[in-house]
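Accompanying notes for the structure given below.
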Amino acid sequence: MTKIKIGIIGAGRIGKIHADNLLRHPNVELVAVSDLFAGPELEAWAAARGIGILTKDSSELIRNPLIDAVFICSSTDTHVPLIRQAAEAGKHIFCEKPISMSIDETEKALEAVKQAGVKLQIGFNRRFDHNFKRVREHVAGGAIGEPHIVKITSRDPSPPPRDYIKVSGGLFMDMAIHDFDMARFVSGSEVTEVYAQGGVLVDPVFAEYDDVDTAIITLKFASGALGVIDNSRKAAYGYDQRVEVFGSKGSVSIANDHPSTAVVSTESGIVSDKPLHFFLERYMQAYADEVQHFVDSLVSGAPPAIDGEDGLQAERIALAAKLSYKLNRAVKLSELNELRREPAAK
Amino acid sequence: MTKIKIGIIGAGRIGKIHADNLLRHPNVELVAVSDLFAGPELEAWAAARGIGILTKDSSELIRNPLIDAVFICSSTDTHVPLIRQAAEAGKHIFCEKPISMSIDETEKALEAVKQAGVKLQIGFNRRFDHNFKRVREHVAGGAIGEPHIVKITSRDPSPPPRDYIKVSGGLFMDMAIHDFDMARFVSGSEVTEVYAQGGVLVDPVFAEYDDVDTAIITLKFASGALGVIDNSRKAAYGYDQRVEVFGSKGSVSIANDHPSTAVVSTESGIVSDKPLHFFLERYMQAYADEVQHFVDSLVSGAPPAIDGEDGLQAERIALAAKLSYKLNRAVKLSELNELRREPAAK
Amino acid sequence: MTKIKIGIIGAGRIGKIHADNLLRHPNVELVAVSDLFAGPELEAWAAARGIGILTKDSSELIRNPLIDAVFICSSTDTHVPLIRQAAEAGKHIFCEKPISMSIDETEKALEAVKQAGVKLQIGFNRRFDHNFKRVREHVAGGAIGEPHIVKITSRDPSPPPRDYIKVSGGLFMDMAIHDFDMARFVSGSEVTEVYAQGGVLVDPVFAEYDDVDTAIITLKFASGALGVIDNSRKAAYGYDQRVEVFGSKGSVSIANDHPSTAVVSTESGIVSDKPLHFFLERYMQAYADEVQHFVDSLVSGAPPAIDGEDGLQAERIALAAKLSYKLNRAVKLSELNELRREPAAK
Amino acid sequence: MTKIKIGIIGAGRIGKIHADNLLRHPNVELVAVSDLFAGPELEAWAAARGIGILTKDSSELIRNPLIDAVFICSSTDTHVPLIRQAAEAGKHIFCEKPISMSIDETEKALEAVKQAGVKLQIGFNRRFDHNFKRVREHVAGGAIGEPHIVKITSRDPSPPPRDYIKVSGGLFMDMAIHDFDMARFVSGSEVTEVYAQGGVLVDPVFAEYDDVDTAIITLKFASGALGVIDNSRKAAYGYDQRVEVFGSKGSVSIANDHPSTAVVSTESGIVSDKPLHFFLERYMQAYADEVQHFVDSLVSGAPPAIDGEDGLQAERIALAAKLSYKLNRAVKLSELNELRREPAAK
């Protein structure tokens, strides 16, 4: 079988994870990596992995006729132009979330993908996690009947640095976007309305950027089900990623994964391991599996299970959450077009 | 020691539970019971327990000079007149929740209690549950730092009958009121704002009475913390009563209690017991302990830990939740005076 | 209904527990208590409970014609003579375990009970524990198929005082005897062979009395199943009482009970409650239920579920374990008659 | 860095697992595989992996001067001659357990290894399992004080086929040998005495080969600690591999691993996943890690953590267990020399 030739744009933390998963893949050849900050360090990294091309110029990579598909792992503001460029060059695309922070821009990117007839997969890696997948399977298989309440807990072990906060797009767009996708995934229903409450309880730096670090987000689904997400930028005990779907026949819930099942019982209590520390530990296998899925999709010709529409919908929910928080009232997704045209509410 | 003489008004399910706990108490004499529907059945019940006086007339019981304290376990609409009557007669009072469905009425009852200088304890039995108490102790002891998020799950195993739904005051006032009290109890902070989302997913009968059977209620506390309660009238697997308080140093959470710790592992899965079925099973000991607390309070002269103010605050939150649901926007408790004066919103 | 009149012989810790459970029983009158060390303290205790007769003389109690049944809670060496005396006086008997430390003596006591036609229940309280009962129900109901392996963990939170060790009869007779009964109870099969290995790891005082503080005891059942018990006189984290029955279709196991289900998650780990501290906490309800069962048996005329034969069999296993430990080889219960006649092995 | 050249002898299930782990290793080149039954199927397997040499002749592989180290994954009866041959050829050796079923033979193999000065690692993969490692770390770190009781549960999901049973060496040598190594590993102490009780409860086929399918094995350690292993060839709910070490300051225990943490709660109970099905699923990462350890050892020159002595000791315990079962008495490991010389006991 001819190997699929892939290029990666953006060799930050997540780009490197994808690189290593692609390198381990028997049917893939990772031919090129581009990064604005390519220098001696990245050169050593690429050399150790036998990656032939390292460039600062993503266009060069996209124009390379050998390359079948690109992974867009650069900063969010570059996603839309890169998707459009790659689509026009006939490359299949794996793009990190979110596609953009503007619904209009995202729609333009999706239009370009559609016109070019290339595949686009969005990096909602959690859908590939063994636990979340199992929840979806139980819900889809009818084990809990009709979903009534979807509950998602999503808390990071520690807040990102100030520089990241500044450009993150805010908790709703940057962090909760994974949870919005998860809500759609496990419930199998579209979100129609959002109410978001938030606070700055972890670190005052978030207030400086008009952001929150703690949030409770209520969702209403087209099916009539309700949902709630709670987010925090800092869980002292580590990465906390749980979900429960409660329905007419019962509930399915998942707990965190842990480094071991060891329980130590002494005079001072019964102590078990903290959860796997953060997303790299928790989702290591999920990252490999999403790459596998993308490659399978290219090989089989079947559309990827997580496409541009999924990216768009999660962004729409995130935008509604931002607006809801500002307006302190529930916001219907159907209102978005109208609200987007008005000057931002106080 | 002279025994404390107690009379019970209303010998329904909860009145009978209190009766049996009082009868087991070494320092208490249960001298009288009144019930509008006293008849042969109740007579047999009272006789088997050696209760000397059984009457249809609560006034007779309240006027009885032998009686030190009354338990008001009759229907909610009778609470306020009975509290006022009992207070005027100088009786200490244990009253089931809610005091009333009207803030004005409740305030009048509390005023009467204050004028008379009698003790009033409200039947928020869950505060005496070993699990919830332990959460409060951990929070108060600083184990989790400053509370950031309070999460309460409160689901009944099956909906009440139509006749009950009709007069219940609705999910927010009837069912969630326990959770509103719990939110105040475990967080140690007052609720300042409420947003309630609800749906009729369990049984259309709730819609007939302008009620919901499923709800997600977001709370904001004076401390800045956020809270969320999820309610359902029907959890197929039984009574589900859990709470988690998440704070700056970590979290404390409790699971349900179960009939046994038995786990059966077979080819078809790993199966453990469903939770204790309903409130009688789950809170059996809590009911005994709240009675013990009331008696202790009468003996020691110390005020009961759960007083009229606690009853009033829970009702105010419930009212705000009802209004929020109708208005589909967050409602501040400080708005209540104003909103109460307007005609009910659509 | 006429109340059943009961007398208690021996008002130590366990005698007092039975007293309080009997006092709470609506169909029972606790008319007398005897204790060799009756003095001002016990007098106050009895007075506070309205117990009419307190005596040092157990014979006086046994001869009392008003009394229907006696609870024998005095030291083990008094059990056999008291059982014989009570049986001859036509009293029903509840006797603490073990009946005696001599099979011959125990057999004599059982013969007296048989001759007199009175009821005898042995204080194997753990059979009434909600968890152990559930295991038995699952096994008896066929949930795990044919039992293959029975595993019992039984560890005390701390060793008894020297004075108790001196007269306890040793770990196998004093502590493991509960586990031998449990092994018969949960498996539904008789033990036919025992191998006991032990050590002095907790406190050298046990060696002084030719006793052990740690043991692993292998059992063989008539059904062919195998069993293993592990005992320790000191579990730093508290009372550890678990059982697992593994069979052809799967397994059933129980965990300890805990004061609460609270889990505290912080930077230093995930911490849950230690088990209920010791037998008084763990088996509080089981003690009440065994008394209830005895009373029910007297009322209904049905034989108690735990009778003299159960006491005898547990003692025979304990004796085999003692011999096995000394001989360092497996001992068949069928060898006991022979081995008993020989001088004790080294 | 020059890659380490490795050859595998025996391409059965376990040989293939090692092959794939070696192929994924960046510092290793898998140059040759030998298998008695090499044919078209194995050729295809080798070709797909780019393995240059496939032969039926293990000697050819051992003599190959390019090869630095061999993995011996052929049947147990070939281990000793192959170890001796490989050692003489100066190859480092990874050998599956057990080295042999004869202490004398094993000692000869170890002598050859010693003379040649090559490295030998035994395939006790479980020492690399994240859970068992964590137990060892807690014990070694003093978390539970001095070990008093070591408990190991080791049950297979289903018995092996008759052909395997015939040559397996029996439950004690084939299955429990992993547990004997684990007992030494987690306790940090040598086993000095063994008592084994067994039964044929799963399938009568085991009796045909003088084998058992169910066993309880009591261990005594040089430290004074006691141990117990329970084995079954068939756990209906899947692979059951747990350990608990109980000591003067508490205990550490591990549970099984599961495909997901999902819990489904419905009217029929609270159901969670069965354990990972069998050793391939449970120990997938441990197999990779033991290969990594072996390679690290070759690179660094440090001796492997699991060496020939570990293989020998586990075999000695297994032999003692076999003898104990036959003699129905405890067998000291110091008796082995003597007992081996006698005709096998009945």
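Every chain is named by a letter (A, B, C and D) in the order it is written, and numbering of its residues begins at 1.
In this section, contacts are C-beta pairs under 8 Å (C-beta built on N, C-alpha and C of every residue); 3 or more make two chains touch, one makes a residue touch a chain.
It should be emphasised that the depicted structure is a prediction, and the values quoted were computed from it without experimental measurement.
*Asks:* Going by the stated contact rule, which chains contact chain A and chain C alike?
*Replies:* Expected: B, D.
*Asks:* Quick one: which chain's Cα centre is the longest way from chain D's?
*Replies:* Relative to chain D, the chain whose C-alpha centre sits farthest away is B.
*Asks:* When the C-alpha atoms of chain B and chain D are each averaged to a single point, how far apart are the two points in Å?
*Replies:* So the centre of chain B lies 59 Å away from the centre of chain D.
*Asks:* Take the average of all CA coordinates in chain C, do the same for chain D, and state the distance between these two points in whole angstrom.
*Replies:* Computed from C-alpha means, the inter-chain centre distance equals 42 Å.
*Asks:* Can you check how far apart chain A and chain D are, centre to centre, with Cα atoms defining each centre and the answer in Å?
*Replies:* Taking the mean C-alpha position of each chain, the two centres sit 42 Å apart.
*Asks:* Which residues belonging to chain C are in contact with no fewer than two other chains?
*Replies:* Within chain C, the residues that touch at least two other chains are 235-237, 249-251, 265-267, 273.
*Asks:* Under the touch definition given earlier, write down the residues of chain D that touch chain A in their complex.
*Replies:* Contact set of chain D toward chain A: 24, 130-131, 133-135, 138, 143-144, 249-257, 259-267, 273.
*Asks:* Quick check on the complex: what are the chain D residues that touch chain C?
*Replies:* Result: residues 145-146, 148-149, 151, 155, 195, 197-199, 201-202, 214-216, 218, 220, 224-228, 230, 232, 234-237, 246, 248-251, 328-330 of chain D touch chain C.
*Asks:* Okay, in this complex, where on chain D does chain B touch?
*Replies:* 235-237, 265-267, 269-274
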